[in-house]
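Following this line, the structures themselves.
Consider the two complexes below, in which chain A is the common component and chain B and chain C are the respective partners.
The block that comes next holds the complex of A and B.
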């Protein structure tokens, strides 16, 4: 009888403000990268082609590590074993690829990716079944993989077929575009993009954003989290293979720095550590920024011992500025 | 008529009458968490085409039963049959496919995804949800991030999503608790519509007036068991409360109710002495502006409870935020005992004796800590003496507050394990222990059972009698005449009317809250 009087339209957020908040950070990181370019060019004595190659090759393993960490952090977890798992892949591939043909090496890479995916899923299973916090389980895995790497190969050695190394070191035809960049983009397009806009990708965001709401929406929370770690395992495997291809050698300690650098890239790339927010494009740009800033400091002749101080300060500076701007757009 | 519209599940119900074929039949459903029995043995039977209320005090097992029915948790024992078939929902999705669509107390929407993405996550066609919203005359921008939307909007979205499945049984778990009255009306309209279509609704609420107005039958839970099924219209509010609380408790409640009525009866005396009231005004606002608050002025005297009645988003939240020191006013003046009052931080407000009981108790509590620490927490910021905390003094203050409010201390080691009503009592108890002059109550009885509600009313009246100034907001209009000396209605950030407490019945409050002129409306 007393029908509702008038229609109610709920006041919302302006579209530009919403887009700024959703994508602003990613765009800003790419702008930071572009802003660094002229400075880097002014310091460098080398020609552009060589330099582009150097940055891309240097950044390749970190890009993959950042992608692995990003997927896992978006799902609400964190993986401290990424670096040491990359070390395992590095020594395992270098040890066996040294005598292989290019084709065999490619097939072997595929096998390794399957193994790392399973290893990631295993880590995820331990976390979801035992309900031990992610950080504890993956810290344990960090030591496990470190030990495994040393068990496979005690001192640096091994190698990879030349053609295989070319995947990371060469460039497309005789153009300026480095292979390393193409590899990252292909992996992004083949592995992440199909998931991102379909239910599995949405589920990863949902689980990281609010587990209860995700469960009540009918998502298999444990399954999704294991899936995120599995996907992280694939990217980690790619990172380890990139280490082998770019360095041409296996080193059990090569991966160590990548764990914390991947976290740095994720934070700098606009992925919230609480989960549910961000993407993979930001962390890729952040990995490039971190690599380029390291190269710039080298070119300036900064003592490598102090270089980390600048890098750390850069991360905090960018995140603080970003946080302040984000607060502005919120209110 | 029902037979024609009611589409049975694959089981043949043709020719069966409503009385013989229940849509949902739960028998002896029980659930234990370790040694704690959340649900002992509950029976529930919902007929096709009926609105069935599920009632009970906080902790009686309502939510647990709903979770068992909708597949969120699995019952330890008991059988559930739906449409004549034994079912055991494995997950909320599975329940939804069976034809049981729940709308939970906490919205099941993921905050970091847009509305569209959330719907895609559940495989729900956007058009159908939009149509359900349109039928309720609501419109929501589906590109919006869920985290940006207000709680009432989310509840309506959740409802629309459940309706889009056209479920045989719609389960609404306290959906009206966080809804302003205009939206609640729309929910009731939907419920009646479901009934006309021969579908059923299971409705969980604390608001007995709603139950009497629209529910066909009600099942009442106490202590994890069903203690009666009745027709609310016949029994009335008193009968429901009696069953809900059990015979002894009902008598104690009656005493409490008498007490609160006595206090209300005392209150008019204060109003008859306007000079005295003006003389010791504790809190005065003059032309306050902040967010949705536009030129708001009010004064509260010592010993007075002033109500603020408003629809969602009319500035009441900002008003509380400014007074509690969470928000800077844009302009206007606030005076406390005649002196300018500027709280830049809740710390300032608390030190000056202006304290807040927020609507969401989780905002105020340290869920992992004990009742004692929670009650004593504001006290820690008063460096009366340096050195170790005076445990004996603290213990005395806390005990006093706990006794005064009759807080159930059985699970006192972690506040998060207390029932909702007891948690709310703890948020009030902390101010009893540390002392205050002005109490800001922003919806203090949200999601609290009837017994606790009455205790809160009584307590507020007692505090006022002791000389406290109290500002009171509630989303439940029936509370205003019980608690307040005066009620101000706020619309568009301005005070639109002032009613004496006993005269603030729902009809006149609603008129004024919608910005309608009272005299005009009455005439």
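The block that comes next holds the complex of A and C.
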């Protein structure tokens, strides 16, 4: 009689542990975010609507950069060119959108997303065909895209239609919910969720956790990796468009910080750099935490340059802790 | 009957030649350098009506190349261990600032301050990579963003910038009209590195760690010590490069060494040092540095813009890594 009961109890704890192992980190990051909220509100002089807007707008490009990096890291790669590709999208869209109507701007955005998906697939193809490590190829692409951004626009300029900017800046109807947050959730639900539970998403996880095992179980490894870079390209494109919409201007250097910050958000969001682990919800929360910690520093009257220093130090700290924890769980 | 042995022998001889060139990439590189010199000479004659291959131009090429030679020296050592240092440019800039900040208190103090800053940043990198096993890319990107933040705070404050006499002599003077002073330093560093890598225990250890860290560890190498030291050395070499640069321009600014990040990686890759570690050396890097410098002169002659340089250097890194990986068979 006691044996089945024990088995059930055992199964119960196992499921509980499994959930903790799988989702504990993500939940913890969201809790950190929630814990930051009261402190942030106590520092701010503004009303809630304004504050929510400020965080959402500031976090929007980073959220997309983190999602792009997350997909690629889960597939076992890493993309150092995300920031400079966002810069390319930023200047390209700002240069052409300035005279467009809202509808034209939307259509143009779709075109840009197709282009960035192709660019991502191109990077992925170079990596899989040449068998050079991801880091080297994307480092090279980092400089190539930076050059392309400078080619399109040497000094900041351009713009976007007001309605288009409103996608990032406004809020839904008369509620407190910022549009930026809705945009991220919609992209997450439309692009990632359907894939996550179907073959392509599972293949990305399989290839990321063990390439040989994935190959032996009949998954097209190269195809999956190229697909992951393509998906990363879509999110990177969204990030670049978010830069245009939220800043209203194109700047060839606007994307520079996003490469490092996206890696930080991914690590902080519970995606292991070895691949195959984590999701996109954690990195989104991590992007919000990183943004809010920056805003808190600014609210406390810290010199913006110091805020950069703290953020760089925080990123190193997060990666160090993440590395130590990953080593502990593996051994 | 006579055709058969020949047909057999030809691919054999061809393969032997190919193997020889693959083992000694420096020979091919010197050839490339010579061709570049000749092309530049032709373009120079066409556009300006003067030859490029003159003693004066050769001397100038060496003078301009030396700072890159220093920075690429550190990068070579790090890449031999399978790492990479993306903080070299900002380390050089920070060292240049430190030197001109302390320059008023005596030459020794000025030079010591510059080198100490380089050593400090290098040690932080080394501790992160060697002890906490942070991915070198992320670690060095992190330290360079912290360094940039700190520099933009302190460099913004007005202070008297005095470049020590010895630094400006070393960075810009020429003996006997044609012999750049910094060449003396470069030759000394090159001799120490080339001989040191070949004949000292630490030099051999760098190759061992880069080729197979697990085997090196099992053979009794303390990986973390090798890594901490190699990043510290890289910091010092970058600082030396920064000193030569500020000795040349006599005025430190935040963008002093920015182009040297990409070029240092490119020079090492061109020089045949494997980006995966364990293969290569400093002699190839020297030729790589010279190739990049002459290529820079050529691009200036052709009125190339900054974006074109970025795209060219970025593509060089990807294409050459692919070629070397194919030739040496390390997929």
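Everything below uses one rule, namely that the second predicted complex is superposed on the first by the 295 of 331 C-alpha atoms of A that agree within 3 Å, B and C clash if a C-alpha of one lies under 4 Å from a C-alpha of the other, contacts with A are read in each partner's own complex, and residues count from 1 in each chain.
Heads up, the rule we're going with is that a contact is a pair of C-beta atoms (placed from the backbone, for glycine too) under 8 Å apart; a residue touches a chain by one contact, two chains touch by 3 or more.
Just so it is clear, the model here is predicted, and its values are computed rather than measured.
Engineer: Tell me the contact category for A:15 with respect to chain B and chain C: first, second, both or neither.
Structural biologist: After superposing on A, A:15 lies in contact with chain B but is clear of chain C.
Engineer: Tell me which partner A:219 touches in the superposition: chain B (first), chain C (second), both or neither.
Structural biologist: The answer is first: A:219 touches chain B but not chain C.
Engineer: Could you look at A:130 and tell me whether it touches chain B, chain C, both or neither (first, second, both, neither)?
Structural biologist: The second partner, chain C, only.
Engineer: Counting residues of chain A in contact, which comes out ahead: chain B or chain C?
Structural biologist: Between chain B and chain C, the winner on chain A residue contacts is C.
Engineer: Once chain A of both complexes is superposed, is A:45 in touch with chain B (first), chain C (second), both, or neither?
Structural biologist: A:45 sits against neither chain B nor chain C.
Engineer: Go through the superposed model and pick first if A:206 touches only chain B, second if only chain C, both, or neither.
Structural biologist: Once the two structures are laid over each other on A, A:206 reaches chain B alone.
Engineer: Where on chain A do chain B and chain C both make contact?
Structural biologist: No residue of chain A touches both chain B and chain C.
Engineer: In their complex, what parts of chain B are in touch with chain A?
Structural biologist: 72, 91-93, 96, 104, 106-113, 117-118, 120-123, 136-141, 143-145, 148-150, 153, 182-183, 185-186, 189
Engineer: Show which residues of chain C lie in contact with chain A when the two form their complex.
Structural biologist: 84, 128, 132-135, 137-139, 141-143, 145-146, 148-150, 152-153, 156, 262, 265, 275-276, 305-311, 313-315, 317-318, 321-322, 325, 331
Engineer: For the complex, which residues does chain A have touching chain C?
Structural biologist: Going through chain A, the ones touching chain C are 78, 80, 126, 130-133, 135-137, 139-144, 146-151, 257, 259-260, 263-264, 267, 273, 303, 305-309, 311-313, 315-316, 319-320, 323-324, 327.
Engineer: Inside the complex, what are the residues of chain A that reach chain B?
Structural biologist: Residues of chain A touching chain B: 2-10, 12-13, 15, 18, 21-22, 199, 202-203, 205-206, 208-210, 212-219, 276-277.
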